[in-house]
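There are two complexes below, and they share chain A, which is joined by chain B in the first and by chain C in the second.
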Partner chain A sequence: MLDARILQQLTEIVGSENIAATPQDLICYGYDATQMEFLPDCVVHPDGSEEVSRILKLANQEGFPVFPRGAGSGFTGGALPKGGGVVLVTTRMNRILRIDTDNLVAEVEPGVVTETFQMAVEKLGLFYPPDPASLKFSTLGGNVAECAGGPRAVKYGVTKDFVMGLEVVLPTGEVIRTGGETVKGVVGYDLTKLICGSEGTLGVITKIIFKLLPYPDAKKTMLTVFDSIDGAARAVSTIIKNKIIPTTLEFMDHATLTCVERRFNLGLPDSGRAVLLIEVDGDRELIEKQAGQIHKLIEPLGLVQFRVAKDAAESEELWRVRRLVSPSLRDVNPDKFNEDIVVPRSKVPDVIRRIEVIQKRYDIPIVNFGHAGDGNIHVNIMIDKRVPGELEKAHEAIKEVFQAALDLGGTMSGEHGVGLAKQPYIPMELSADQVAAMKAIKAALDPKNILNPGKMLPV
Partner chain B sequence: MTKKQIDPLERVAAEMKKCVKCGACRAHCPAFSTFQREPATARGKVALAQHLCKGDITLDDGTYSAMSKCLLCGSCVEKCPNQVPTDEIVIAAREALAQRRGLTTFHKAVGQVIKNRKVMNFGALAAAVLGPLFFRKVPATSGLRLRFPMPFLGGSRHIPQIAKKPFMKRHPEVIQGEPGKPRIVFFVGCMTNFVYTEIGEATLALFRHLGCTVIIPKGQQCCGLPGMSGGDLDTVRELAEMNLAAMEAHEADYVMTACATCGGALHKLYPLVVGKRNPELKQRLQALADKTVDAAVLLQKLGLAPEETGAGAGMRITYHDPCHHRTAGITKQPRALLNKTPGLELVEMEGADRCCGLGGTFNVYHYESSLDINASKSAAIIATGADAVVTGCPGCIMQLSDGLKQAGDKTKVLHTVELLARKMRR
Partner chain C sequence: MLDARILQQLTEIVGSENIAATPQDLICYGYDATQMEFLPDCVVHPDGSEEVSRILKLANQEGFPVFPRGAGSGFTGGALPKGGGVVLVTTRMNRILRIDTDNLVAEVEPGVVTETFQMAVEKLGLFYPPDPASLKFSTLGGNVAECAGGPRAVKYGVTKDFVMGLEVVLPTGEVIRTGGETVKGVVGYDLTKLICGSEGTLGVITKIIFKLLPYPDAKKTMLTVFDSIDGAARAVSTIIKNKIIPTTLEFMDHATLTCVERRFNLGLPDSGRAVLLIEVDGDRELIEKQAGQIHKLIEPLGLVQFRVAKDAAESEELWRVRRLVSPSLRDVNPDKFNEDIVVPRSKVPDVIRRIEVIQKRYDIPIVNFGHAGDGNIHVNIMIDKRVPGELEKAHEAIKEVFQAALDLGGTMSGEHGVGLAKQPYIPMELSADQVAAMKAIKAALDPKNILNPGKMLPV
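Up next is the complex of A and B:
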């Protein structure tokens, strides 16, 4: 619990408008998309690195934990105030500071919503590709802290591939700049990459310098239906092997299609067992050629439908299939464990087969979809928590799914992070020495363990 | 907390469980866009409602304040991946709040006035009762109160004039049309009856042009939305029964309204809040809901040819979707009518489907925030360079006019029927 004196000091830092501690406020900053809940003692909305610095210095002095939070849309509990403390919300820092069209860089504050930023740069003919599913509401600060991905990662990479530099308030309150805005730069350790994906455990991001690209000339969307899951999975590796890198290569298995079809009646062929939604972008002539090549390459793999969108409206229609996945999953079972394993792209067929075996063994529905083009599969284990034994079964199945990914040279999380949800499984992926190295970094930067304590690394 | 206080929330407890707190509502909630704090989001209110049921928090000022920050525009419901009916959850919470805290003197006065057309007709008295609100002189000491605006009072600096003679006083109850043509019951609504009478006249002219018989039941009352907005659902239930009786007294093919809000009450709210307690009443209210149709939708259905009404003439317009139309799926029909009108150029504004910021309670209780939401709406309208913004709800018309005037802009604000009937003899 925070005493009145500390609350008073926090109030002096952020102003009385920007601190809240009513029961209602605490409830509303105690959740995220994991459906876990931990109540903080107080919520602050600072503006700028100086205020953040003062809060962290006070926290070190008084010994209370601080939990940075953006939109609170994470899937692993990274922003949850487990054990109580102060939630530090970054959304007041929501200015796009500059978009430099000469150097193709932009500087933003962490609270800018991803889509807002994308729209701002697109108006200038520029492109910020990372597109997590939450882009309409998640913040760039959260995207960087969790190293968010998205469908376009196949071609363009993930958030960290676009971060050139940061302003970070260290857990002890010092404000530092990392990286910069030059294409090259090798002086010192790459702290920028260290902070990306550090889940708010190593510092509070207060400014971000992003790399931008020219907005692609055109794009082409294709919806392809296969008569076997294996055919679709092999199509992914075949396309990549033939040196075509689509923008997106979204995969949906039969269980996913059944959900979507049952609820929305999209008229997919009955013989369809898996769908790939493929998009290519770039020069108009080139993408025409690529679309033709893709069709030729995947035709022998049991293709039962190949639809190409003629225009933006048709493209939207094809994407609808993918967007409807999430809302329709609840028809299978009320509770969902949404994992996001990644394997090398050539191993997508293998991992799908392994998951099918796991599903049969545990006899629980597992729905697979996701960004297969980069090997990232969203494995949704659907259970009903009210049924005795289901939860335990789900945990066992999850463990086996992770093991399958790791056996094939993959990782247990591509873009959701560890937070609280995947913490227990960390020893499956990281060696004791790796964990020790990470803990040493954390201890060096945050000796009193006040910034987002108890997250990511096993306690 | 006694059982009675929680009852309305129990009604929607199962719906609350559907919310997975993903945060998608943050992108679509107009209240969140201005407050920028989590209790203003849909998921925040759902979380609070869940904790109310659990008994972790009470129906105190903090809950009151959070639940008041909702325009009931329904955009979160539409965009929610799990279609959580946050609007219904907020209505239930407000009802629980009203039950717990009771209605203030002011609330009671409003309830009495909207329940009583005789009082409403005596405009001077209504204005006197509500005078303080009219001039925004409700003392700040009123504190965290869910005050609701009268449907005919703006609560803004640019308050529309109350008509000298209410619309319904100018016309007989039945205006006979051609034999064999549809018989239409006209649910007028307070804004049209007392303030924007020209909307009523235009509606009447258009349906008479189509040869319809138009019935304006004398017994009709306020739809009750202002009561609902403040959690006074007992008043809504009373009004629902009075309106039902008034409408049922006439044989008709349709119950038509030119007010999106009234349409929302008849179509969705009545069966929702009244039905369950009385199955026979529920059935009758559902029948009324099924018969209820928006004026523009009906005009299109009955094949109004805009070129025959002389509505044309070179004019650039833009269209605003009232929330109560959008949530009922009425977006294409008014545009189709306007697009058929010769000489009319329809330019879409950015965010035509975004709430104007009126939101019943919201406009009065959170006037500054309401203006803030309205300001982006005004900017979008002005950016189209349109001569007029057209919409289907007198409430929106009041709010849009206020916003545009405050922005120093001269864009006209018109109801779809007004535009269509512009050149017709009344």
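Up next is the complex of A and C:
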């Protein structure tokens, strides 16, 4: 519990309309997209780096923890105030400060919603590629803090690849600028990338400078169905080896197809064991040619259906298959653990086979889909928590799924982060010396462990 | 001076054939591409992370500094043993460990020469884009440590953008892996990017995992001459705004043209005030189309010459103009300071104008060329050191050039790094709080300040 004196000081910093401590307010900021919940002692909505700095300086002086939060759409509990403290919400800082069409650069505040930003730059003919599934509500600050990905990462990369510079309030309250507005820059350590993906443990992001691209001329969507997972996986590497880097290469396994088909009856062929949703973008003539090349290249790999969208409406129709995945899953079981392992592209069939074995061993439905182009598979472990023992089985199964990814040269998380959810598994992936180096950096920047304590690294 | 006991222990670690301490050996490892020279006490050539680890542990125990070094082609003294100590040369670790054509990933040791690696992957139809001018002799470890750039960075990015993972020996001797073999990965802090560009101050790189691309189908080179710098600069932004991202957009100013023309008589038009060497790569038909589009787009901008290469031989001929720049400069004056400032693309004409003013004020020839596509200009301050007062004037002029870049939203260095050469100017670019955060990280990872001490950050 924070004492009244501290609450008074916080009120002075943000103004009485921007601080909340009623039970209903606290409940609103105590959960995220995980199924965990921890109540904070108070919620503040500062505007600007100066207010954030004053909050952090007060926190260091008084010794209370601070948990930065965007839209709270995270999948790993990175914004949850475990142990209590102050939740610092960035959503009031929601201005797009400028879009520089000459230099293809934009500067924004952290509370801007991802899609809002995308639409603003698209109006000017520009393109911000990162497209996490949460883009309609997630904030850019949260995207940067978690290093969000999305389907288009195959061709364009993840959030980090578009962050050129930041304004950050360090855990001890100093406001610094990192990086800058130029693509190149090698003066000093790369604090920008260190903050990206640090999940709010090393600083509070108060401004972001993004790199933009020209908006692609055109795109072409293809829905392809294969009679085996190996066929689909070979299709991915064959396409890329032939110098075509699609914008997206979304994968759905047989369990996923069965779910979608059972509920929505989309007419996918019975012999289909895996789907690849392929999209290419760029020059209009080039992508026409590429669509033809792709068809020819993948035809011998057990292709049982190939549909190309003729226009935007048909493209939407093909994407429907992918979009219906999440709503279909609830038919399998009410509760879901959505893990986002990554393996080298060529190891996708191996990891899927290992997951099939795990599924049988624990007798839990596991549904796999995701971004095959970069080996990032969303593994959905479907349980019913009301059934005694299911939750424990799920945790055991998750651990084995992670081990499978690691054995195949992969990682436990491609875009969701560690937060609280994956923290116990960290020693499976990172060595003690790696963790010690990370802890040394955290302690160097946050000696009193004020900012988002007890997250990411094992405690 | 290292005492005999330490030399004996170092000999035990690397073997007597891999340690040297004669005056002629020390001279060989006491210089780089700057004009500075500092003699080490001894030079070791370890092979593998275990030997590097033992050297660093010994250094921590005995308190001597260690300076990692690749080919010694750096422009800022990053590998120079100022104050004496042990130079740790990575060139024995020169194996390409594997090239994975399925996942477009390669693992190499740090001592592999950049061009050797490029040729090895190109044989397999793959592409490693970073192309620093030193690629015929620089090592990949050095490229990563400095975050080397090159002309192709406009389209493809810099070295850092291709580093997926590292094996690093920390300053205290622990061997860690950072990153991995997957494009996505968000478990723990991004130590990979922190090490990239840290100039050998945070760890010794002993293995590198690189991302590769398919080798582009074809390329097209164009030499374009403009009657003003503004025309050339507007050409750059016009091309990019029209959704064409060239592989290279190399710029040469009037002073550069005059140098090259005077010596090599290439037939550049008299009215030419700036040259852009433009290259596009990718699909053969697409780049033909793009070359046509580029011509049309830049024609109204004061274009006085437009030459397109029909084949590889003609392309080489056009590149000759750019390649002859360095040999021509010596005609201006014998000594050169090559600074590599960056400004936002649209600010290139402004910075060139400011440099003209500086040039007049100090009465020193300044020749500008470089990578206009990313605003990275190589500013060559040409002096004759034998003339009393010239060196001092050059240092004053450099400071003003840096200030001009910073005033225009840029940075002092895009690819050469800080090292010893730019260290005194750091407070012009980084705030005291930024520097303090970097120093805290350095101290956290290298508490005894063993590794490359007194570099990068102001002391």
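Brief remarks follow.
Just so it is clear, the second predicted complex is superposed on the first by the 459 of 459 C-alpha atoms of A that agree within 3 Å, B and C clash if a C-alpha of one lies under 4 Å from a C-alpha of the other, contacts with A are read in each partner's own complex, and residues count from 1 in each chain.
To be clear about the criterion, contacts are C-beta pairs under 8 Å (C-beta built on N, C-alpha and C of every residue); 3 or more make two chains touch, one makes a residue touch a chain.
The shown structure was predicted, so the numbers you read here are calculated from the model rather than taken from an experiment.
In the superposition on chain A, contact is made by A:Gly72 with chain B only, not with chain C.
Of the two partner chains, chain C is the only one touched by A:Asn103; chain B is not.
Within the superposed three-chain model, A:Lys243 lies in touch with chain C and out of touch with chain B [touch as defined at top].
When the two complexes are overlaid on their common chain A, residue A:Phe306 makes contact with neither chain B nor chain C. Across the complex, chain A is touched by residues 100-105, 125, 146-147, 149, 153-154, 157-158, 160-161, 170, 174-178, 180-191, 193-194, 196-198, 202, 213-217, 237, 240-243, 245, 283, 285-286, 289, 342-346, 371, 374-376, 409-418, 422, 426, 429-431, 433-438, 440-445, 456-457 of chain C. Of all the residues in chain A, the ones that touch chain B in their complex are 20, 22-25, 27-29, 31-33, 35, 45, 71-73, 91-92, 113, 115, 134, 136-138, 326-327, 330. Residues of chain B touching chain A in their complex: 18, 20-27, 36-39, 41, 43-44, 47-48, 51, 56-57, 62-63, 65-66, 81-83.
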